[in-house]
Structure formats: C-alpha cells, structure tokens
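Per-chain numbering from 1; labels A, B, C and D assigned in written order.
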Amino acid sequence: MSPVLRLLAKRLVTSMIVLIGVSMLIFSIARVIPGDPARIALGPNATAEQVENLRERLHLNEPLPVQYGHFVADLARGDLGISLYTNRPVTRDIAQFLPATLELIFVAGLMMIVIGLPLGALSARYRHTWADNTIRMVSLLGVSAPAFVWAVILMLLFAYFLPIFPIAGRIANMHVVPSITGFLLVDTLVAGNLRAFGSAVSHIVLPAFALALSGIGQAARLTRSNMVETYDRPYIEMAQAYGFPERRIARRYAFRPSMIPSMTIIGLDFAAMLGNAFLVEAVFAWPGLSRYGVAAILRKDLNAIVGTVLCISALFLIVNIIVDLITAYINPRIRHSQRA
Amino acid sequence: MTAPTLRISDLRLGFRRWAGTVEVLHGISMHIRKGERVALVGESGSGKSVTARIVLGLLQQVRSARISGLVEFEGQNLDTLSARDRARLRGTAMSMIFQDPTSSLNPVYTIGVQFHEVLRRRDPRLKMAEARQRAARALADVAIPNPDRVLDSYSFQLSGGMNQRVMIAMALANEPSLLLADEPGTALDVTVQAQTLRLMRDLVEEHDTSVLFISHNLGVVREFADRVYVIYKGRIVEHGPADSLFEDPRHPYTQALMRAVPRLTGGGIPDIEDVSEAYFAPLVVHEGCGEPEGAA
Amino acid sequence: MQRTLYILLRNPMSMLGLLLVFIVVFSAIFADFIAPFPAHRGAVVDFANFNRAPEWPYIFGTDLVGRDIFTRIIYAFRISLMLGAVVLVIAVPIGVTIGLLAGYLGGWTEYVLMRLTDVFLSIPPLVLAMSIMGVLQPTLTNGMLAVTAMWWPWYTRLVYNITRSEKEEGYVLAAEVIGASRLHVMFREILPNCVPSILTKMTLDLGFVILIASSLSFLGLGVQPPTPDLGSMVAEGATYLPDSWWLTVFPGLAILVAVFGFNLVGDALRELLGADQ
Amino acid sequence: MKRFALPLTAALLAATSLTALPAAAQTVLSLDEVPVGELDPGKASDYADSLLMFNVYDTLVLPAQGEPGYSPHLAESWEIDGNDFVVTLRQDVTFQSGNAMTAEDVVFSYDRIKALGQGLSFLFANVTGIEAVDDHTVRFSLDEPYSPFIASLVRLPIVDKQLVMDNLAEGDDEMGDWGEAFLSDNGAGTGAYVVVSHNPQEETVMEKNPDYFLGVPDAAPDTVRLRYGLEAATVRTLIAQNEHDISSQWLPPEVLRSLAGTGAQLLQETGGGAFYVKLNTTKAPLDDVNCRRALVSAFDYEAALQMVAITDEAAQGSPSTGAIPVGMFGANPADQILTRDMDAAREYLEACEYDPADFTLELSWIAEVPIEERFALLMQSNFSELGFNAQIQRVPWAMFTDLVTNPETTPHVSQIFVNAVTGDPDTLLYPMYHSSVAGTWQSPEYLDDAEVDELLERGRTAMTDEERDEAYSALNARLMDLAATIYGYDRQSIFAASNRVNVPALSSPEYAFGVDGMGFSFRLMEMTAE
C-alpha cells in the first residue's frame, strides 16, 4: 500500500472515531436542553395529549443511551429525524442549506489562499522593510476583529455608502435559476445565464471577503513566519550561492518548503470558517446552513442541532483529511516514506 | 603575470546592532592564484565564513552589513559590479560547498530537478532531459555508482556522504574558476569526510579550479591546502605555505591551535580556552608568501 | 532585560500594542471615573436623547433608549477582560493537566485523552460554544463556561507535544532513575519547561477569548442586557444600519482595538521569547 | 499566485457589471416575513402562515372590505338553523389541480384541522359535527349558540381532498399522515396563487393561478417572492433601492422612519390587537392584586407610545383605553386613555403585602422582536422607581411558548402582541383570560377568575350586538380591576413598501379587511409601472 493511501486510511479511521465521539457529545448536549422539544415543536396551542404522543414517538421518555441507540440506527439509514420546527426531514433541510454555505466557504477559502499566501510570501521576502511592516500590521488587523465586525464594516462601506455590491442574499430577485448542484455560481453557468452568474458573483464577494479576512491575515502571518524561518535554512544560502534569481528562490526554495508546516494550520483556519460562517451569514442574510443552525439552537430544535453540528464536524474532518493529502503531496517525505 | 583568481585587500566588515556597530573583520588581505588551493583556518566566529560570503556577494545584500576594502575576482573589482552582475558570477564562475550537505539541498525537489537548476545557470535554455544526462555524468565523476537512482531521489533519502558527493558534483558542474568550500563535510563522520575531500581534491586538480577552503580542522587543511591563512578574531595572524606553517608555526595563536590538534580527533571545534594577549600579536608572513601589489 | 525593553520600545508596533492594551485595561479599571455617564451601564431610559449621532457630550452617540455609547463601551471592556481572564484561569490548568497526563503516561491514557481532545477540536470552536450556550441560559457565567469548554483542548495539545519531547530528556530520565513519583516528574520537572510557551499563548489568547466571547453575544448567546457587551451592541445596532451607524461602528471598532492591542503585545512577546531561545 | 490573482479580480469586476442590465418584463412582488412560513393550512397560525393560506387557499367567507361583517366567498350563502350553520357552496370553483370543489372537500378540510389539532383549530372547539348534506351543502353542528362562528370560518381553508388522498404518507392515524408531508411542501387549494417553490426558512415563490374562479386582475403581480428572515437593515436598503416591495410589520420604528424619509410608502393594518404586558398572577409578589395595580400605574404609557411613533401621521400604536382595543365591542371611548400615575402606584404598593426589595422581577422579551427589549428597559426603569429590582431576560419565541406552560417557569412579566385572528373580540379575549386555557403564550397571567369566565361565555353566546357590547364592557371593567395585564397601547401594523406597488386594502380604510393578513391578498394588489 502506498504511504499516501496508508495515511488516508489511518486518518479515515481516526476521523470515524472522532465523529462518533462528536455525535455522542452533541447528542448528550442536545438532550439535556431544558424545555420540552415536543411542546416546542407542536406550538403554543397543542394539547397535553398531543405533546405526550410526540414525546413517545421521539423516544423522549426513554433513557439517554437508548435514545442514542435509536439515533444511531436512524442515522445509519441516513435519517436524522424531522426538524421540529420546519417539520421537514433534517437531512433535507441540510441538503438545501449546505450548498450555500459551502459555496461561501469555498470562495472565502479561495480568497484566503489567493490573497493571504502571496501577502505572506511578499512580507517574508522583503522582511524588515516597510512593505513587510505594512503587511504584518494589516494581517494582524485582519485577525483582530471577529468576522461579524468585518461584515458590518464592509457592508457599510461597500453596500451602503458606496453601493458597489448588493447588501444581502445570494442572487437578485429577478433571476430564477434551476437548482442543479445548489451552488449558484455553478448553476447559473450551467444554465448559461451570464447575468444571473454576475449577480451571484456580486452577491458573494462581500460576505466571502468578510469571512476570509481573518483567514487571510492568519495565512499571511503564518506564511511569513514559516517562510522567514525557511530563509534561515542552508539550502536557501546554497541557492543564493548559486546565484538563482531571488524570485525563484522565494518561490521554490523559501515558499514551497515553508508550506509544509503552514498547510495544517491553514487547513484549521479553513475549517474555522465553518464556525465563522455563522456570524457572516447572519449579517448578510445568507441562506446557509449556519443560519439554519443558529435558528435551530435558538429554537431548541433537537434533531436540527444534532444534524447541523454533525454535518459541520464531518465537513471539518473532511477538510482536514484533504489538507493532509495536500500536505502529503507537497511534502515528498510523506509521499516517499517507504524509501527512507 | 595574470591577475590572481581572487584578491582581497584590507577587507573590513561590521554589523550595525542595537548597541552600535560590531566589527567582524578588521582589514584582512589574502589572494588565491589560479588552480591554487588556499585554506582559511580559524575558530568559529573568527570571520572565515563571512569572508566567503563577501566573495560571493551575499553579505552585500544584508542591510546592516558595513563592508569596505577591495575584493577582486579575476582582476575585476566586485564593488564596481552591479548586484545583478555579481549574481551572474555566482553558480557559474564561482560556486560554493556547504557544511551540511543534507540540509543544503532543497527537501521538496529531487536531486535531478536541482541539478537542472544549477546547470541552467550556465545554459538557461537547457532541457531537462539533457540536464539529466550531464548530471548523470557529473555524478559518475564523483564516483556515484547509480546516478539515475540518485537523480530521482530527494536529499532526505540519501546518506550524508552521498549528498556531499552530489554537492561537489553540483559545485563543479559549471566548471567554475573559484570554488568556495565552507567547512565541507563537517557534519559527516570522519572517514566519509576524508573520502569525499579526496574526491574533491582530485576533481579540482583535474579542472585546475582555484579553491578557498575554509576550515577549523587542521588535519584536513594540511592534507588539502597548498597555502594557509590563519585567522583570529577578524585578523589574519599568520600566512604561509601549508608545509612550512604546519612544521613551523610562528604566531602564538597558531601554536595554540596546533597544540589543540590532538584533542580534535573527532573533527570537533578547536578548544582553546585561555585567551592570551599574545594572540593579538601582529601578522606573521612566511617566506615567499607576500600579498601581490595593489591593482596593477 | 535591558535588551528586552529596548526591543519592545524600539518597535513601533509593540509600542502601539502596549498603548492600546493600556487604554483598554486602564479604562476598564477606572471606568467609574472616566465614563461620562456611569449610570448608563445599566437600565436607564432617556427618551429626550435617544438615537443621537455623535456629538458632545455623547462622543460616540447614544443608543435607542438614550444611553451614552462611549460609557457602555468602557464598561463593556471591563466585562470582556474579566471574562477573558476567568476563561484562561479555568481553561489553562485543565488543558495543561490533561496534556501532561496524556503526554507523560502514554498508552491507553494517552489514546483516550487525545481522542477526547480531538473530539472537542473537531467541532469548530464557535459551533461548540454555541451548542453549549443553546443548552444553558445565556448569562455571563455560562458564557464563560462555554468558551472555557472550547479553549482547554488547545492547551492540552500544546503541553502534550512539549511533554512528549521533554520526557526523553536527560533530566526527566534522571528524576525517574532516582525514583521520583510520576506526579513529581510531571508537575515539578516537565511543567516548568512548558511555562514560557503557555504564558505566550495566554497573552495571545486573551485577545482571542474576547473575540470569541463577542461573537457569542453577537449571536445572542452571551451576556444579557442591560449589561453592556460589545458583541451584543453590534448585533443590536446592525438592525439600524445604515442610518444609525454609530450603534455598530463604535462597539465594533472597540473590539478591534482591544483584540489588536493584545495581539500586538502577544506577537512582540513571542518574538522575544523566540529570540531568547 | 500573484499571476492569477489579477485576472480573477478582473473577472469578478466584469461579472459584477453584468448585473446592471435591465430587468425582465414580468412583474415580481417581493416581500418578507418572520420565519418560518408554514405552508400546511391546517397548521397556519403566524402571520407568514396566514399570508400563504389566504393566497394559496380560499375560505368559505371573507371579511367585508371597509365595514364590519362577512361576505360569501367559496360559499354562496349560509343560514343559521338553531345552533347549526348550513353553508351552500359555489358550484363553479375548481382547485389548482383541476378537481372541482365540493362539500366533501369542506368536510375533509374541517376533519383534518381537528385531527391535527394545531394552528388555530381551537376556534372550532364548540363544533360537534360536520356533514355534507349534498355536493354543495355543508352543515356544521354546534353545541351552543356561538355567534363568532361565521368569523371563525375565515380560518377554515378548503383543501383539495382528492389531491391529498393521492399523496398520503404513512402515519399513526387511519388517514395516514393526513397529508402532512405533502402539504408542508405543496399547495392544494383553490387560491389565486400557485406555489412554485417553498422553503420554510428561506422563501416561497408563487405565481398567478390563471384559472382562479374570480379571475386575477392583470395588474396583480405575476410572481410573488415571500422571503423569510431578512434583517431589518437589509429590508431597509432593498426597499430604498426598489429591490424589495413590502416589509414585515416587525421593522423597528427608526427603520420605518428612515424609509418614510427616503420616500417609501407606509401601509397600515388595524387588525384589532394590542401590545400586552402580561403579569404572572401566580408568582409572588404579583399574586397580590395591589402589587399588580402598582405596576400597571407605574408603566409609562406615553414613553411607550413615543417609542413606536414613526411620522406625524403614522405610528405603530395608538393610546390604549383599557382591556379591549378601541373599535371593538366593549371598548372604552378613544379619549379615555391610560396614563402613568406614580402617586397611585405608591398607594397601591402600600396596600400590597410584599416588600418590593425582596423580589427581583423577571422581565422577559421575545428575541425576535427587538423593540421589546426597549420596553423591557423602560419597565426596568419604571419599576425601579417603586423599589423593584428587575432582571431582563431575552427569550426566543419557541422557548417562550414552552416556558409559559408551567406557572413556575413563566416569567413575572411577559410582553406579547396579540391580534384578534378573526376580528372578533371573542377570539382575542377568550384565549387570553378564560381559566380553562391558562398557560399558553396568550395567557401567561394564569388568570383564574369566575367572573371573567362568566363574562367571556356571555360574550360569545349573546346573539345581538347590544348584548355582546354590554358583556364585553363589563369584562373590560373587571379585567382593569384585576390588573393582570398592562395594556400598553393599541397596536397598528405598519409596513414599509416601495412605490412599485399599490395595496388598497392596506392604505385606504374603505378597502380594509378587519382581519390580520387578509390585506395581503396579492390578487388585490396592483403593480405600477417600473
């Protein structure tokens, strides 16, 4: 078995264990919520008898481990229960809201990499100059405010005072795009509707940037510090002694090796966006999973809480596995460990 | 008489630090003629490595460095060259070998890729396939039995001795006129070090390459160098032909260094605890070893 | 020491950081003397002056029931700092102890503890804190609890890594050879070597705890009114954008200033400790 | 990296500029409400639900426009036969599916509401049976004379039985799930608008029903997008930019004011409701009537009104005169307004057996309604003048409905807005004050008073307007004396709207319906040019 496959297998196993742990944790948390979910679900006018029936149906009267058993059995069938609030299967709700969140996170992640890494690399290459100081200051600023503050500031600046971007939603009202993937950026293109695509793009810019800002800062800082450290490595001096152009040294000798330790952390940052999306989606009325999750928490919608958190954790783990694979790809030590 | 490959005259170096300028070189002069192997010997921190880096033009880029004096390469004053022209010399006319071969190779590229980059310094349009052939020949020259496998390997997959040979092969691949060897192979074990040095000596002899050999290891220097400069705290204290200097060390510091030799069997750093005022005595130059006159 | 001071003072960035931290801490401590309207930290209603744009004496304007926003920001700093300090004081010992146990004892203890840590680490922090806050009543104490619950694993991981490398060191082996108890080795031999890293992380974290806590209250899961809180001020003000911009912009900037200050100082400290090693 | 960053930015900008192209020719009406939008008419209770219901489904009768009383809609006529009501149906109505509407469908719709027992099914508590006399006649049997029954029919949407039966899923009942799964996603009505897509937390898209039995005027919007959960700030900007048409009624007054300032129109709906501050009469110190009276007197009515004022003409409230909103049976005259009286408050407090210093009052406010926080602060400051400490609690709506089921967990003070769902005072007051229904979101007072019960019964069984007025006047006086509720102000729903739409039912009194949400019949709206 190749080392990369072996790594993948190992990570999948640990991820499964962790996911089971997460499900137990979140399940217990959700079940000790004060308040009767059945009562909440049935609304203010339900009778005691109706509430009792629903409690029975949801196994709420049984001991916690038994409830968990039911939960796992259902989960195995791909059934996360009915959202007590929307009255629809949680899996269906998630399927409906997830693409919007994924799209947002994906674009934000792209911004983080496309902007953050070059900034960090620039900073490292021109370390201790004014350019470096400026970039460090700006990236620290980026990390220093929660996403919702950036969201509000960006919205004020670029949607209200300079109305360049729309202020909320995923796409302008007039566009009706058939949902194929749920990713509007893709669906609009598939539909060949360029105007709708433009609308979708302009809608995603601000929220994604607000979400990405702290990631950009984090990525720039990390890239800089790892790259500065790499600049002290002997092979950099060797490259300089051979007169390789500075640009080439920066890219191939300083940047690329420094990405190996950076990748893991950047992966974590990327995953942290799953949480921060909660803040940004709230400000920009982005109809994503995070908004669904907040609503679920505020409304004590048990199944929806469990489903959302499980889904986000699974995504988190998947992102981490992907990051590990990318790391393996750029780090030949892992790829070629059998020959070591 | 043709200009020496390298001539250094009254070279001074200081670094600006928070508490003022720290002087590292106090005006050293030295030269290397074509095909000559010259050693610069001293403890760590004596200023030998910075000298090599000034020659390569690397220290000139450090903003806190204050450099004065003359460095001439093949009769050309490096100071008058632009940074770009200086960079053009590196990797083509001059090259360098480092202390720890394994960590001096980029861990994310194969040896073959790095060889390609080195060879392209001289021949920018060189294709990978051709570079590979030349690299294989160069590796064969340093007695690597299986060049193709090595070219496909990463530095961390090879032994230190193997990497050292790779480094030597790379350093000589573009047939430089000056090779700077900074403590080559110190990180390796003694027998391997000796083997690779012998290999290097044979190759430079064959190519008539001038070598500045920087070391604290007197045993190695004696075996390798034609002529020796001893450096102490940024000053050259003694200068002479290797044989004469080793048989008849005249400067108190050189003598102390020699006494320390038996303790250095592991190739470690000379261990001279007692600092004596006598070490600061003026330069001793052995017969027939004067510095050439200023720019002719 | 002299050098430390010199480096701190010479670098304009760390100077700025010290200044910001000083402003935040000072105003939090002496809020009663600085705030122009100390009563406005609570439930005061002043309809004559509600929703005013910044003007003297309300330099940051007033909120929708006429309270001075500047006053409320100053008192909010007090709450944030307290929350940050309490969270770290609870989270760090827990995290450190688990990290030491897992790193030093190894075997099943290590496996179970580290997988547990992984479980906590694999729920995005905010989501975890939110789930906990969803269960509990949103109060200051519970807010601290929720943030603590998401914070300890990071210290566990840090200490675990250090412990694993330190336990192979000579001094640890020596202590074991002379028959020192495991507790002694963990807390007396290994722990002191973790302290510098822990302290640096704590300075940096103080800013981030403030940040996360404000995010929680932004979602309505933190400190409850009328207690002033930066996150909820932003959230409530956001309803009135863009007309009443001062309701959100000043509290938002206040978060930025506080966190930025702690980050600058934390950065400087890290660089110093790094340089000393 | 740098190399593709630039083209990317350029692409983004280019894509953005594409959106500036002109809009499509179809008229689109965009409005928003608080989530979730419950499409199942049997579960409809909130405003958004009602809105969906009134457009996708029809009811047997409609409230008359601009005057009291009800006019036939799906019904052709009705008559009272003892306790019973006999309704004759129109014969020319088809469902959106094409099925003809018959008495069977009415019976099914009624049975379904009773079986689900959710939403506003309580309105039909005293109906004992229903029977399809023939294809176009239905008889409702009641256990007593119940005059508001016709009004209740406004909340009986008629569902397409055939379509539901075809889409039945498994359930506990012999009727399977009564079509719950199907109806939560699909429309099955006769209404003027057809559901195109529905996501209860995001938006419902509807289109004109070309075969509507009354026809839909051309001026009515072709497409309606009802969006859920937009932020106030978003709505504010979208309306100002003409990208959104009608806001929800929950916009804070400041936002409405700034919208009015940018030229948006303000729509108004007077649904016969009020802002109520409910006092938990089972919890000390509020189990003492004098302590309650002290709070009622200490409340600053004028400040509360000031908070909801928008422009000189429009306000979200008008002064309250007592327990019954002005204009309904039993209401006090409009000039007899409630005011703050601190002297009286202190006197009552003297008479109260408790010392305020011993208590901390829990003042709750509903998280979804930001203005309530300000009322909470107002009360905190008002009551502190009497020496009461008060703690403010933010409670999400769903939590609140759960908390109030138990007198112990019910906060001392709760704030709610209630409207008479059918426009009749019975539907407003009975669910709030009858001892048999204590402990719902409408009745967190836990009031248990025999006289109140008696008057409520009298009000709903009296058959003449004079009798009813008399009963409700007495009830009004009794409720004021019991001081279980602070009657903050009479509520007006104000909606901000763009100038692309005309809504006669919400802008001129002669077209107004007396029922909440009915003004949002899209077929009666007119899209103007642009």
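Here is the rule we go by: a residue touches a chain if its C-beta (ideal position, glycine included) is under 8 Å from a C-beta of that chain, and two chains touch if they have at least 3 such contacts.
Quick caveat, the model's predicted, so the values are computed rather than measured.
Participant: If every chain is reduced to the average of its C-alpha atoms, which one ends up farthest from chain D?
Facilitator: Taking each chain's C-alpha mean as its centre, the farthest from chain D is B.
Participant: Find me the chain with the mean Cα position closest to the mean of all the protein Cα atoms on display.
Facilitator: Of all chains shown, the one whose C-alpha centre lies nearest the global C-alpha mean is A.
Participant: Is the number of contacting C-beta pairs greater for A-B or for A-D?
Facilitator: A-D
Participant: How many angstrom lie between the centres of chain B and chain C, each centre taken as the mean Cα position?
Facilitator: The answer is 52 Å.
Participant: What is the distance, in whole Å, between the centres of chain A and chain D, each centre taken as the mean of its C-alpha atoms?
Facilitator: 38
Participant: State, to the nearest whole Å, the distance from the C-alpha centre of chain A to the C-alpha centre of chain C.
Facilitator: The computed centroid separation for chain A versus chain C comes out at 22 Å.
Participant: Show the residues in chain C shared as contacts by 2 or more other chains, in ascending order.
Facilitator: Expected reply: 220, 238, 241-242.
Participant: Would you please write down the residue numbers of chain A that are in contact with two or more other chains?
Facilitator: Within chain A, residues 155, 160, 282-283, 298, 300 contact more than one other chain.
Participant: Any chance you could list the residues of chain D touching two or more other chains?
Facilitator: Answer for chain D, listing residues that touch two or more other chains: 231, 233, 237, 367.
Participant: In the complex of these two chains, what residues of chain C are touching chain A?
Facilitator: Checking each residue of chain C against chain A gives 13, 115-116, 118-120, 122-127, 130-135, 207, 211-212, 214-215, 218-221, 231, 234-235, 238, 241-242, 245, 248-249, 252-253, 255-256, 259-260, 263-264, 267.
Participant: Which residues of chain D touch chain C in their complex?
Facilitator: Against chain C, the touching part of chain D is residues 231-233, 236-237, 252, 254-255, 258, 303, 306-307, 367, 370, 373-374, 376-378, 380-381, 384, 390, 392-394.
Participant: Under the touch definition given earlier, write down the residues of chain A that touch chain B in their complex.
Facilitator: Of all residues in chain A, those touching chain B are 128, 233-235, 237-245, 248, 252-253, 256-257, 260, 330-333, 336, 339-340.
Participant: How about chain D: which of its residues touch chain A in the complex?
Facilitator: Touching chain A from chain D are residues 1-2, 4-5, 8, 12, 14-19, 21, 23-24, 28, 30, 35-36, 38, 40, 43, 45, 117-122, 172, 180, 184-185, 199-203, 205, 225, 229-231, 233-234, 237-238, 241, 243-244, 367, 396-399, 401-403, 405, 440-442.
Participant: Applying the document's contact rule, which stretches of chain C touch chain D when the two form their complex?
Facilitator: Those residues of chain C that touch chain D are 43-45, 47, 51, 64-65, 138, 220, 224-226, 236, 238-244.
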